[in-house]
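Each of the next two complexes has subunit A plus one other chain: subunit B in the first, subunit C in the second.
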Partner chain A sequence: MIRGVFSVVLLSFFLAGTPRFASSEPASSDSLTVEKKEGKADFIIHHIVDGDKIDFEPFGTIVLPKWEPIQIGSFQVDLSPTKHTVFLWFNTFLILLLALTAASAYRKNSSGNFIPSTIGNLFEIMIEFIRDDIAKPMIGEHHYRKFLPFLLSAFLFVLVSNFMGLIPFGLSITGNINVTAALALVTFLTVHIYSGKSYWKHIFLPHVPWGLYPIMIPVEILGMFTKPFALAVRLFANMTGGHLVILTFIGLIFILESYYVALLSVPLALFIYLLELLVCLIQAYVFTMLSGVFIGMAVQNEEH
Partner chain B sequence: MNIPALILLEGGLLDPHVGTIFWVFVTFLLLVFILQKFAWKPIIHALEERQARIEESFKKAEESNKEAARIMAQFDQIVAEASEKADVIVRSARDSAEKIKAETLHKTKEEADKLIATAKAEIDQQRNSMVLELRQEMVGIIISVAGKVIETNLNDEKNRTLVNNAIQNLSGK
Partner chain C sequence: MEGLASMGAYIGAGIGAGLAAIGAGIGISKLAASAIESSARQPEMAGDFRGTAILFAALIEGVALIAEVIGFLLVLTK
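So, the complex of A and B:
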């Protein structure tokens, strides 16, 4: 089955690329100017950045509606749907479908006194993994219950969003800095809403000599914001990087305008694709684990 | 395609877009709340219940094992006691049976001896009486035979004594 998925992906890359290739003029070394190269590689950036069109070529393109910007004070906020927003909603729908299907048996029989279905088993594995390997060790036995649903939702959301980028015509919305920033914002707010006394004491009364306070307090305040910032940038950079590399390997065929390049660039792209499978999983785990660590630092009461 | 164009220009990778942030924030929070209420809560609850039940089952199994071992020990003790009792019973039964056997044998022997003695006595008596009878008959016969043979002094007291002596000698041998 996995092999089937790969071949579909590769086929889709070719299908997406072939018309451009066919329409381009035969190459001659003299005409290969910098400008022309830019034009040929443009599809890479179009694939990655947000936009108001969803590209299903060669089956067509969906142009998204444009809404009037909302005026808040002196700011204009454009809430019209973009490519990534639509995929955000699609992912959310997919997650809800999966999770609610899996949970339906548990809602009917709350004692858990039954044999779980396949999807129920998958969710049980995920929940036990997040609970026993992230929530309990990072947040602690006393508080983990309150934050487990958030960590589970974050993990599932990031995981599905990452993997959506690996299927044909899909794209990973976690490759958009705005999306990861919003996710990190949720973590940031969770941390600061539930933070205990020792968290603020750690920032404004750190365990250092008085003389170091002018240095330490700004550093700690900066740390409040660098943590979620790192969270956002790490996820964004990992997802974007992987896609850029895959698209660049495929793009080499069109930039160099030779079918022989495919002999090298397709296996390389496939290798990166396999690597991406791993990276998607790892980044979802890292995002969840770091969220857990930050929450754990905020809610722990004991001095250290 | 140079790096600044990729990252910094309008529509580039790092272009902030408040609308996207807003939608992700709202959608994600909604997702968290819906999943918490309808997915995570029931599954986690069921998982915890199952864990508690498994732990309880283990505890119960251990207790049952202990109970079974205790009952087994008790049972062994009962069996040992019973077999001891059975041994005693068998031994006493054998003893009494042997005693009865010996007694019976003894009594039977005695009775048989008595019977034999009686029979012997009777036989002796009968033989004596028969001998007596025979002797008297023989006396008569001999007298008559002798009378016929000798024809003289037959009724003589002396002869009768003579014959009697002869017979006495005969039977004495």
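So, the complex of A and C:
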């Protein structure tokens, strides 16, 4: 069971990098602003959107290879790597490395009381936080063990992805709507695969007079899809918005073409950067908690 | 005509983003006021209130951020 949920998560992370359907124009479909004229603020958009170059600017640029699109049915799927895909895999391997290092110490000393290493301590804090503050209250004592691996995977992935955008030369892949949409899709599938009888009863036989059913049932069915949609857009917009604000404050120097603007805009950008540190943590927490709330609403079977 | 349409997109995006900020500001300020008041009345429950407040702040913020994304798309694809 646990392994099944984990493989679904990994599969969706794999899918997150790939859905660039290039049916009509193969070359320039991933960028929204290709045809726009060159402006002073264009570097902001260049930082936000996906592309096939990784910038390590003073040291050069890595141009990623371009592969032939694969024909699946009537779709042409372009599987060539982009910078977000590269960082997606990098984050995944980083998390696997850290988590397996921490887990191996516990596997070796399964009995007895031993003192965990530094990284084991870090993971113990996070796992206890997710278990005691999110999984147990939101999902309930009976079911929470089944969903704890999913919540932990989602929390770690979102946290590491968010923080990668704050280090030099890094970029946060959660600023790409495809990644957050895939994460929300996993939550959607988890909710609907493990949903109990009362969840569907709540949708198709709500506790209202039957005359309201033509209104209530469409609204409830719409609610099934708006919850993961809001989950995806919230994470995406938070990360993109934070980066946009930082880049705009820095970009004011180049837009107004004066060195003195830096005296004002660099401290402001620094302030927003510190705010971003908080936002990265809170968004990872919120994503995990809302996933837990939705799962908890689906699996609880008591009558109300 | 082209210029008028893109001008309309800019104005619409600006007004939309501003209205979304007003709405989210009112929502979150009411939420914060209630959360602080409740934790002042019952300090032993402050931890629970904090978690609930973050949950509802995220829900309010989500609606505002969807409006911001729509404004962003208006400017980009005008």
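Observations on the structure shown:
Assume the second predicted complex is superposed on the first by the 265 of 304 C-alpha atoms of A that agree within 3 Å, B and C clash if a C-alpha of one lies under 4 Å from a C-alpha of the other, contacts with A are read in each partner's own complex, and residues count from 1 in each chain.
We adopt the following convention: a contact is a pair of C-beta atoms (placed from the backbone, for glycine too) under 8 Å apart; a residue touches a chain by one contact, two chains touch by 3 or more.
Keep in mind the model is a prediction, meaning the values are calculated, not measured.
Between subunit B and subunit C, B touches the greater number of residues of subunit A.
Looking at the shared chain after the overlay, A:Phe157 reaches subunit B, while subunit C stays out of its contact range.
In the superposed model, A:Gly241 makes contact with subunit C only, not with subunit B. Judged by the touch definition given at the top, the superposed model places A:Thr187 against neither subunit B nor subunit C.
In the superposition on chain A, A:Ile282 contacts subunit C only, with no contact to subunit B.
Of the two partner chains placed by the overlay, only subunit B lies in contact with A:Glu128; subunit C stays clear of it. Applying the stated contact rule after C-alpha superposition, one finds that A:Ser195 touches neither subunit B nor subunit C. Contacts of subunit A with subunit B, set against its contacts with subunit C after fitting on chain A, overlap at residues 45, 240. Considering their complex, residues 1, 5-6, 11-25, 27-32, 34-36, 38-47, 49-50, 53 of subunit B touch subunit A.
On the side of subunit A, the complex with subunit B involves touching residues 37-38, 41-42, 44-45, 48-51, 75, 77-82, 84-85, 88-89, 92, 95-96, 99-100, 102-103, 106-107, 109-113, 120, 123-124, 127-128, 131, 148-150, 152-154, 156-157, 173, 176-179, 181-183, 185-186, 240. By the touch criterion stated above, subunit A contacts subunit C in their complex at residues 32-33, 45, 133, 230-231, 233-234, 236-238, 240-241, 282, 285-286, 289-290, 293. Taken together, the subunit C residues at the contact with subunit A in this complex read 51, 54-55, 58-59, 61-63, 65-66, 68-69, 72, 76-77.
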